[in-house]
Structure formats: C-alpha cells, structure tokens
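Across the two complexes that follow, chain A remains constant while its partner is chain B and subsequently chain C.
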Partner chain A sequence: MTTVDRPRVRNRRSRDWLGYLPYLVPGLIAFTVVILIPFGMNIYYSLHKWKGGNAPLRWYGLGNYTDLLADEQFWTSFRNSVAMIVAMVLVPTVIGLLLATTLFDVLGKRFGPRVASVLRATYYLPQILPVAVAGVLWNWILNSQTGALNVLLREVGVTDPPNWLGSTTTALPTVMLVLIWIQIGYPVVIFMSALQRVDPELYEAAELDGAGWWHRFRAITIPQIKPETFVITLTCTVAALKVFGPIYVLTRGGPESSTLVPSYYSYLNFFDKSKVGYGAAIANVLTVLIIAVAVVIMVLQARSARREEEGR
Partner chain B sequence: MAAPIETVPSVAPRRALGSRRPPTPLRSSETDRRHRRGTARWFVLAAAVVVAVLMLVPFVIMVLNAFKAPADYSQNGPLSWPAEFYTEGLRSFWTRVDFPEKLVNSVWISGTVAVFGVTLSLLSAYALGVGRVKGRMWVVTLFLLANMLPQEVLVYPLFQMAQEVGLSNNQWSVIIIFTVIQAAFGTYLLSSVLGTFPRALLEAASLDGAGRWRTLWGVVFPVVRPTLSVLLIFFFIWTWNEFFIPLVMLTTNATQTIPVALASLQGDRMMDAPTTNAGALVSMVPAIIFFLIFQRTLTRGITAGAVK
Partner chain C sequence: MAVQRKTVVAGALALALPLALAACGGDSSGGGGSDADTLTIWHYENDDSAMGQAWNKAIEIFEDEHPDVTVNVENQTFEQIQKNAKIFLTGDDVPDVMEYNKGNATAGQLASQGLITPLTDEAESRGWDSTLPASIQTTARYDEQGLMGSGDWYGVPNYGEFVGVYFNQDMLDQYGIAVPTTFDEFEAALATFQENGVTPLAEAGAEYPMGQLWYELVLHYADRELVDDYQLFTSDVDFHGDAFTQATEKLDEWIKAGYVAADSAALTAEDMGVSFINGTYPFMVSGSWWFGRLTEEIPFTWGQTLFPENTMHPGSSGNLWVVPENAVAKDLAYDFIDITLRPEVQEVLGQAGGLPVAGDSSAITDPKTKELTENFEAILDDDGLAYYPDWPVPGFYDVLVSEFQSLINQSKTPSEVLDGLSSAYESGKTDLLEG
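For the complex of A and B:
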C-alpha cells in the first residue's frame, strides 16, 4: 500500500458508517420509547405529589427526596440491602469458590468429570426456577403452623419452634438463607469454568517448588480467576440491590418492615399507598446507587486488569 | 427480578470438563502426601454430596407432599411416604389456575420476546459492530446502563403508557417492554462479537455486489448463528422467570404467566399443603425440562463471557 492511497481509503471508510445508521434506528426508537422516556417521566413524577391515575399532579420540588431522609422505613430498606448483598454476593461467592475448587481439584480429578458435572448441575438447579416458584415452595416449608420445617421440629420435640418468616428477629436471616440457596450455583458454575482456563503448568511448577495447596490457592488460583470474580461481584451486587421477587413472595417486606427492601418499598408506594411521586423518588435513589456501585466495580476491574498487563 | 442473576452468554468455545491433561507423574517425596489424600478425597466427596443433598431437600419434600392427601399430611408429617397416590391437589391446582392457559401465555410471551429481542439486537449490533457507527461507545454504554436500571424506575410510566395506548392488561405490553430490555443487553454483547467480524468476508461480499442488507443476512447472520441461538435461549428463560413487570401489567387471570399465577394463589386460604406443593411442582416442570434440553448450551452461556 502506498502512502498516497491510504488517506483516501480511510476517508471513504470514515463516511461509510452513515449507511449503517438505518439499522440502528429501530433499536434507538424502541429504547427511547420503553426506557428513556419512562425514565424521564419517573424523574418528573418524583418532583410531584401524585395519587396516580387521573388525580392532579401537584408540584412538590425536591420535597419527596427530603421526606425520604426523615423516613425511617426508607433507611431500613437500604440497611436491608446490605443484608441482601451479604446473602447474594458475599456468602455465595465464598462458598461457591470453595465448592468450585473442591469439584475441580479433587472430585473432577479423582472421581471423573461426570461426578463433578452432576454435582455442579445440582448446585445450579435453584437458579433455573422462576423466583416466584422457589418463593412459594419456601413459604410453605417455613410456614409456622403447617410448614414442613416446623412440623418436623415439633415431631422431634421442639414445643415452640420459631415463626421463621413471621417474627421480626428471624425473618431477615431466614430470607437471607433462602437467597443463599438460590444464589450458590451461579458462582460455582462460573468459577469452575474459570479454573479450566488456568494453565495447569502454573500449578505443576508451584508444586515442584514445594508450594502447598493453600499457597497455590492464594498465589495462583485467586489472582487467575480475578476477572470472573469481578463479573460475579458486579452482576450479583446489582441483582441484590434490585431484589424484589423473593421479598414479594416470602414476606412482602414484613413483619414490621424487617425485610423491607428499596424496590419493594417503591412498589408499595406506587400500587398500595398511591404515593406515586414518593415511590418514583425511591426508585430514582435506588437507580443512582446501582449506577454508582456498578461504576465503582467497573473502575476497580479496569484498574486491576491494567495493573496485570503492566506487571507482565 | 430479572433472573436473579443476569448471565453473560458468548461464543467463546469452552473446553469440556474432562479435557484436561492427566496429572504429571509425581516425585517420590510427593507420593506420601498423595496417598494420604487418597482417603481424604472420600471425605471431600461426602462433604460435596452433603451440600448437594441440602440443595435438593426442598425439591424432594415438595415432590413427596405433592401427592399426599391433606389428612395424611397433617397426620404423618412432611417426611412420610404418601399413604396413597393422591392427585386431587394436583387436579385442584391445575383447574383453579387453568394451568394450560398460563403455560400458553408464558410460552407465547417468552418466545415472542426471544425472537424479537434477538432480531433487534442483531440489527443494532450490525450497525455498531460492523458498521462502526460514530459514537458507538456511547450507545453501547447507554444500553448497558439501561439493563442495570431497576424496573421500578420504569414501571409506573410504562403502566400509564400502556393504558393510554389501550395495551393495559395486554400481553403485548409485556412483550414490547422485555424485547427492548433484553435487546439492550443483546446489543451490548453482540456488538462486541461483531466488532471482531472478519473484514475479509465483508469485503468479499461487497466485491460480489452485495449491499448491506444482503451482507447482513447472507454473510453475517450465518456466521453468528450459534451466538444468536444462545442469546435466544437466554432471552426466553429470563423472560419466562420475570416476575415484577408481568405482575403489574397483567392484572387478570386470563393474561397471566405461570409465576404470577402461582404467586397470586398464595394468599388463597383454600391452598392446603398438597395443593401448594402440586402447584410448585407443576410450575417448575417446564423450567426443568428446558434445563435438561439446553443444559450444555446453558452452562456454556453462563460461564463464557465472564472473561472478556
């Protein structure tokens, strides 16, 4: 290629993209109608007092947002979000990593890949269920009177078994346990594939150098599967902040807001208390929080990836 | 909740689980430790199996109680074998929610969303990935952020809009909404796949005189078809499991999906334990069948893409 030719080619290419624009139009229109405009409307609603429907919209400025600051339930719901992150990100990731390395290192190698993949599928099973179905099932198991768990406890002689989902002290931990049950399979599956990606020679070399299992785990496994860990942290944290289905089916935020989460609190204001503006404000605060958390995680991820490249 | 976790499918081929090389021969100093580990591995297996059993217990007692008479349940408890094979709970759930109708609703909504969503993703991704439309980074970032939005932020305006255009309590409202939400993610994923589409193929097509439309369907589509089918399956399942927006949008029995119908039966005082269990059992069967058919694609889809 001669130097004279190159600018001309680039020039033709640089205008070429215009011809592809029509292909983007349906997507952009749909996106605008279903996401952008409603999002804008939600922001608009949040600046008003509104009972919804045909009721008059009354300008309230930032009033809904300042009201939130003084709303005990609002703060409770965000405190509970921390519990959701523990139950949907922290615990499943740690247990998932443990299970994945066990399946991969010991069971996959000593008992054959079939054993490992059957176990993996078992751990993943709760993930494929519609959350509402899993919720109904657990709701029955945990029912204080007729539920399987308490019926069993009474049979073995516990006279007064706890009202798992019905008491303010046990409801949140119980919901957390159900969420852990739902979540565990996801990190297991992702970590197992991550481990397959790691070059076995790294482990062999470390073993020859006399590194024990724990040492290899810390020096090789953890750093090598960092990209997957970031993905799990990001997707699960966003999901934990958004969680709605399990709460709706299991406890509806109760008893006494002990399991209230922002997303359910906003739903409650929309469709139950007819405080649309207030519900919109809660949803907006949640959105800002989610985007902030996602951006922080993505920046950390990019930084870690860059550091890795420089290190090499 | 959008499938508790949204997972990231991709095309990257995965090595099968067993395809690792056999362990290298060990030095003698290592052999002792390996021998001791020989018994330890049984304990590890036992522990892993215990966890698996814990995961399965809820399913097992559900199946056990789905075929038990209410009297049998209250007398013998949840762990006993059913005294007789009782199907009344199953039948009563089946008729009360008109299960076949809900099944058709769910299949129709999820199937349509999957097809539309994939088509929309392909069109947008063609412009962004192959066409290198200016400002594509912005568009992709916007789509990705849209996928993270909590649905609460959209639901009330969408509810209002559906009423205004006469789509309240209409499945098309749900179909349109999820087509866009899924396509936002699909575009993000596909445009990075199409960004690396072999230029030589495109140039060959244009030398043959193919326009952009013909290139899309004659060259690009066949090459990315495997990715599209993974995407199709994922869109289907995600939509199938969706709860929040269908709950708000589909207000009468005749339009509801399986998860919404099951959840709205919950407050029903008539729901005795066997009926609850039969309902949960019947409602999870489609998901399980789907899982068994597509298990390979699913695990490939979930696990891939995690690494970019």
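For the complex of A and C:
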C-alpha cells in the first residue's frame, strides 16, 4: 500500500505547485525585468571602463572594485552611512516609540482617540511631503545668511550663528536632524497600530499586580510590538543605506564631501563624471551591503520569533 | 520628462506620431531626412530671455521657408537635458536638434560616446566656419576623446557669454569709490568697503561663482599658454606653478581679509544674485547670463565692467545646437541651425542682451546692452575667452566647489587646495585620454 501511496502524494504535491505557478509568473517576470536583468547588467558594467552611450566598453576586470578600496571618498561615504542609520533608524525608532506610547497611553486616553490620530497625522506629514519640497523648505530655514533660523538667532543676540549646511562640523549633524524630522512619523504610525493590537487584558492584569507604567512598558509593550520593531528596523536601515534625495537637495554631498553618501557618490560617477563602470561598482557594493544587512535583520527576527514560540 | 509643449496642436501631434513610429523602425543611424515633415527642437530657454526670443524668431523664419514642415518645440530644463542626455540619446525617440551645454565634460562626452552627429561638412558647406570667431569655434569641435578645440564640429554656438564684474554704483558713490579700472584699484575698493563694515563681494560656495572668481584671479596671473595647457591639454599643468599658486593665495588672502563672507560656503548662485540685487554687497563677479535679470530687478544704479586688467576672461560660446546621431530630420535640423546664425536672428539676440556671435553691436539701441556687447566684442577681438575652470575634466565642477568650500571655511591651506585640484585634474585627464 505504502509503495503505491507515496508517489501519489508526491504527484499531488507537484501538481499543487504547478497549480500555483501561473500566479507566480507575473511576479517572476516583473522581478526578472525590473531587478534581475538590470542587476546583471550593472555587474557587467562594473567589470568595464565605460563612458556610456555608444562609447566602447573596455574590460577592466575587478579593477573598479580594487580602485574603490583606495578611494578615500568611497570610504567617507560609507562612514556617513553609519550617521544616516543613526538619523533614520536609531533615533526615530526610539523617539517614535516614546511618542507612540505617549499618544496612545496618555493623550489618547485623556483627550480621546481623535486628538491622538490628528497628532499622529501631524508627525507623519513630513513623510508625505516630497523630499524636494522638504529640501527647499529646510534650505530656507538653514541658509546661513537669510535663513529663518539664523535671522532669529541674530535677533536674540547671537552675533555669529552656525553655518548649518556650510561648515564641515555642522553639515552632517544638520542633515541628520532634517532626516530625523522626515523619518519620525513612520515609526509613530506603525507603533501606534501595533499598540492597538496588544491585548488590553495584559495591561489590566499587570496593573492589578501593581506594575507601574515603566514596568508595563518594558514587560508588555516592548515584547508585544517586537515584530513591528523588526519591520521598522529593516525598512529604515535599507532606506538609510540608500538615502539619496535629502542629500541631493540639501548639500549635494558637501561641503568638502562631509555629507557624501554611497548612492550620491555612485550617481556622481555615473552621470557627472561619465565613469559608468565605477558608478556601477559602487552601486553593487551598496546592493551587497543592503542584502547582507537585510539578511542579518531577518535572521534575528526569525530567531526571536522562534524563541518566543518555544517560550510559549 | 516632457515639460510644456507649445506650437503644436493635438492634430499635428496625431499626424506626427505615426511618422515618428515609422522612423523608429527605420535606419537607426538616422537618414538625411530632407523629406521629413516634422522638425523636433528641444531647448531650455525661457520665452522672455534673449535666447528664447531669438529662437522663436528663428522658428518663425523656418516655418515661413518650410511651409510643409511641422515644427515641434519642447521646452526642457537645463538639468533634465544635462543629466539625461546620454541615456535618452541612445534611443530612437530623440529630437532632431537640441540645445546642449558645451565643453569636454558635456558636449565632448556626447561626441565621444557617438551620440551626436559630426557637423564638419555642414559647417564648411554652409560657411559656419567662417561666420563664427575662432575662439567661439573652440567649443564647437571635439576630437575622438571628446576634447574640445580640434577634431570634427559637433555643435554650433550662436551666442556668447563671459564673466565680468557687476557693481552697485550707489554704494560706490556712498563711500567715494570710483569704478576700478586696475587690479590695485579693485583691491583698494574691496578694502575700503571692508573697513567700513561692508563685505564687498557677493559670493556662493556651493555652486559655480567661487570657482569663477578663482579663475579670474588665475587669469590675472596666467598667459594664454597656461590656459591652453589647462583647458586643451596641450602640455602638462603644474598646479603649484606661479599663476595657480598666486591666484589661490590671493583668494585665501581675500577670504581672510573678509572680502568674502565667512558663511558663504553653502550659499547658491541664486543666493548670491539675490543678495546683490538686494544691495547687500557692492560687487558681484559673475556671468553675462545675469544681465537680463539684473536689468529687470535691480532698483538702484548699477553697472558692469570687465575684471580689471585681465586680458583673458572666463567665458565661451553659449550653449550649442547639436544634432543627435539617431535624429530623423537631420537636413531640417541643419537648416534650422543655419537660420539661427542669420543677422535678423542675431539682432534679436543682441537687442535683448544675448551677446550675438555673428552680429554687430552698432544696431543695439539700449546703452547698457550695447556696453555689455561691446565688452564681449573686445574680448573676442583679443582672443580673450578662457572658458570655465570646471571644463577640462568630467566631474571637476564638484571638485572645485568642494575645494573652495575648504578655502572659505579655512579648513585647507591654498597649497592643500591646489593638491586636491591637481590630483582630481590628473586622474580625470588620464580617464579622458584613456577613453
């Protein structure tokens, strides 16, 4: 009997898989056309010296990659990526969590859910503002001579206000502050919906046991919203590594490369310098890094989920 | 990508579409196209600018002379064409004639990438090579590596531009300063303003103006040979040689003396222009492209002069008309380019302050415009156009910006700035020459 049954089961399974195939085909085609082929072409270009257009491609092997190792600006751009992760992941996630719990626990309960949702939308506003518009806005505020901030500072007696985007010491922190402003609404919205998912009975039980706000936050809120925290960390880290728009509109990597990031550096080589192979190599390194970081975060997430399941 | 379309009605578009599609299926190298019945022009000039007015006049003449041809004009932005040209020109859906920036890093790149059509035969048969002054022709010709100055014609300029000194006459009068005619007088004027608590030079570190001021100083100490070495790679350039060193040290001295605002590293050219227009600074060293805007917006008495004592000046032909390699109506494109060089079109340019390259200033009625055009003609007569400092190698613009930001912020010495410029120039030159 078993000898007869086994192939039948296997057949059914393979038939099931075949049944799903038509639904996978559009996605596979789109993935191939939009991701796989361009990525393959990018790898191909990165192995050449090429000006672009109809100019001839000259084989350069791994030359572009070895050139990168000795390129100081390339390393600067990756060092700045760490600052981008601080500004787009670390700080917004922590502040976002605090804001979301305050809105949910305190303001939502005291002034009603409508007030909380209006405030949530306010925090989210910079996220829907096109980055070019946000850049123009912040340039108006931060312009060293005519910007609103320095005009205000001079009004209150500061004779030599900081040159926010023009000095190598202040440009990167200033860009980071703008990024935090842009980014903060995203974790707030996700965390607030996560908090709504948490069973209120857990809080009630903890309260009956005499747990204060901090204890409840640490023992219930943080573990309960762990999946959302992973999602935010993953998406924001990827966004931080490939950040381009805000740098383009605020500083173009300056002054003196102090705000250079890999994606802008790739663009600079690709378009301005017509060093297509070199620009492609930078983009490939960035892609590999993003995939590696994403895999690490996803492994950690899976491990944490498994641990939770086992704990249960 | 397409911005506003004008001139063309929907019906004409509907007619043009099958033609364009038919053309796509044809010879991708582009044919003669003398029998084509649509001419597609891309440019990025505003209708009210001198160039915009002149191009409209040229289109009008073209339409009169080619009644069976529909002219399809698309206004793009400078940035759109500048950044995307090397991508869209590889396709078949390209304009027949297009305005494009000139120089090794721009038109030279397109030429070396095989994306634009050599125009030497047309230049010879239509006489463009005798109409245009020699220093204007430099930007029209590129060799196989995309270096300007020799090789085939790839573009046709029909207006010019140069950098000079704009001054606020009211502020000069206020402090009893005469319009400087020598370098010493210019420095003395800067010092007088500074002593009176007025920062004399409107500047912008985040964009081109600071590099152009530096280049004016280089040209003060340099000769034509150095300019040709630097721009045309006729010989190697020593960035620690006299002219570059003296210029960079002088600029550093001016920054230290407070002639340039210490907080100008992140300011844009627009910031600079607006602050000059607002009367914050008495001097602005910048290009003739500001002329129309200043005429429109400045409420005080102002004037314009050449950088004192310089025999060479940053400047060149204006942007070029280029014909994409994949263009369909190439013959019509050549006809159009030819029309833009005619006296009646050049006169429209000149009257509006657009610095015609094939006209004469005697017809210009406005005295200020006439003075500007005469200044430009004087530069042309002296073979005094020295192009722009960022032209020699692709990507040098960003290097200049970054290095002069270091000088404004006083985070690098002049010698370190020259080191930075030298290494970027040398590696860019190697890349260019190796192809």
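One rule holds for everything that comes next: the second predicted complex is superposed on the first by the 279 of 312 C-alpha atoms of A that agree within 3 Å, B and C clash if a C-alpha of one lies under 4 Å from a C-alpha of the other, contacts with A are read in each partner's own complex, and residues count from 1 in each chain.
Here, a residue touches a chain if its C-beta (ideal position, glycine included) is under 8 Å from a C-beta of that chain, and two chains touch if they have at least 3 such contacts.
Everything numeric in this text was worked out from a predicted model, so none of it was measured.
Peer 1: Determine, for the superposed arrangement built on chain A, whether chain B and chain C clash or fit.
Peer 2: Chain B and chain C clash in the superposed model.
Peer 1: Looking at A:Tyr123, would you say it contacts chain B, chain C, both, or neither? Reply first, second, both or neither.
Peer 2: The answer is first: A:Tyr123 touches chain B but not chain C.
Peer 1: Just checking: does A:Thr233 make contact with chain B only, chain C only, both, or neither of them? Give me first, second, both or neither.
Peer 2: neither
Peer 1: According to the stated criteria, A:Phe271 is in contact with first (chain B), second (chain C), both, or neither; which is it?
Peer 2: both
Peer 1: Quick one: name whichever of chain B and chain C touches more residues of chain A.
Peer 2: Larger number of chain A residues touched: B.
Peer 1: For A:Trp181, is the partner it touches chain B (first), chain C (second), both, or none of the two (neither)?
Peer 2: first
Peer 1: Once the structures are superposed on A, label A:Asn54 by its partner contacts, choosing first (chain B), second (chain C), both or neither.
Peer 2: A:Asn54 sits against chain C, while chain B stays out of touch.
Peer 1: Touch test for A:Tyr248: chain B only (first), chain C only (second), both, or neither?
Peer 2: first
Peer 1: Mind working out whether A:Val34 is in touch with chain B, chain C, both or neither, as first, second, both or neither?
Peer 2: first
Peer 1: Touch check for A:Ile141: first (chain B), second (chain C), both, or neither?
Peer 2: Touch partner of A:Ile141: chain B, not chain C.
Peer 1: Report which listed segment of chain B has C-alpha atoms clashing with chain C; options: 2-10, 92-100 or 164-172.
Peer 2: Once both complexes are placed on chain A, chain B clashes with chain C in 164-172.
Peer 1: Residues of chain A that sit at the chain B interface in one complex and at the chain C interface in the other, please.
Peer 2: 52, 146, 271.
Peer 1: Which residues of chain C touch chain A once you look at their complex with the stated criterion?
Peer 2: 83, 86-87, 89-90, 105, 109-110, 112-115, 146, 205-206, 261-267, 271, 274-275, 325, 394-395, 397-398, 401-403, 405-406, 408-409, 411-412, 428, 431, 434-435
Peer 1: Within the complex, which stretch of chain A touches chain C?
Peer 2: Interface residues on the chain A side: 49, 51-56, 58, 143-146, 163-168, 171, 251-257, 268-269, 271-275.
Peer 1: If you look only at chain B, which of its residues touch chain A in the complex?
Peer 2: 1-8, 14-18, 20-21, 23-24, 27, 30, 41, 44-45, 47-49, 51-52, 55-56, 58-59, 61-62, 65, 74, 77-79, 120-121, 123-124, 126-128, 130-134, 139, 142-143, 145-146, 148-158, 160-161, 176-177, 179-181, 183-184, 187, 212, 216, 237, 240-241, 243-244, 247-248, 258-260, 262-263, 266, 272-273, 276-277, 279-280, 283-284, 287-288, 290-291, 295, 298-299, 302-304, 306-308
Peer 1: Note which residues of chain A are touching chain B in the complex, please.
Peer 2: 16-17, 19-24, 26-28, 30-31, 33-35, 37-39, 41-42, 45, 52, 88, 99, 102-103, 106-113, 115-117, 119-133, 135-141, 146, 148, 151-152, 155, 181-186, 189-190, 192-194, 196-197, 200, 204, 207-208, 227-228, 231-232, 235-236, 238-239, 241-246, 248-249, 262-263, 266-267, 270-271, 276, 279-280, 282-284, 286-287, 290-291, 294
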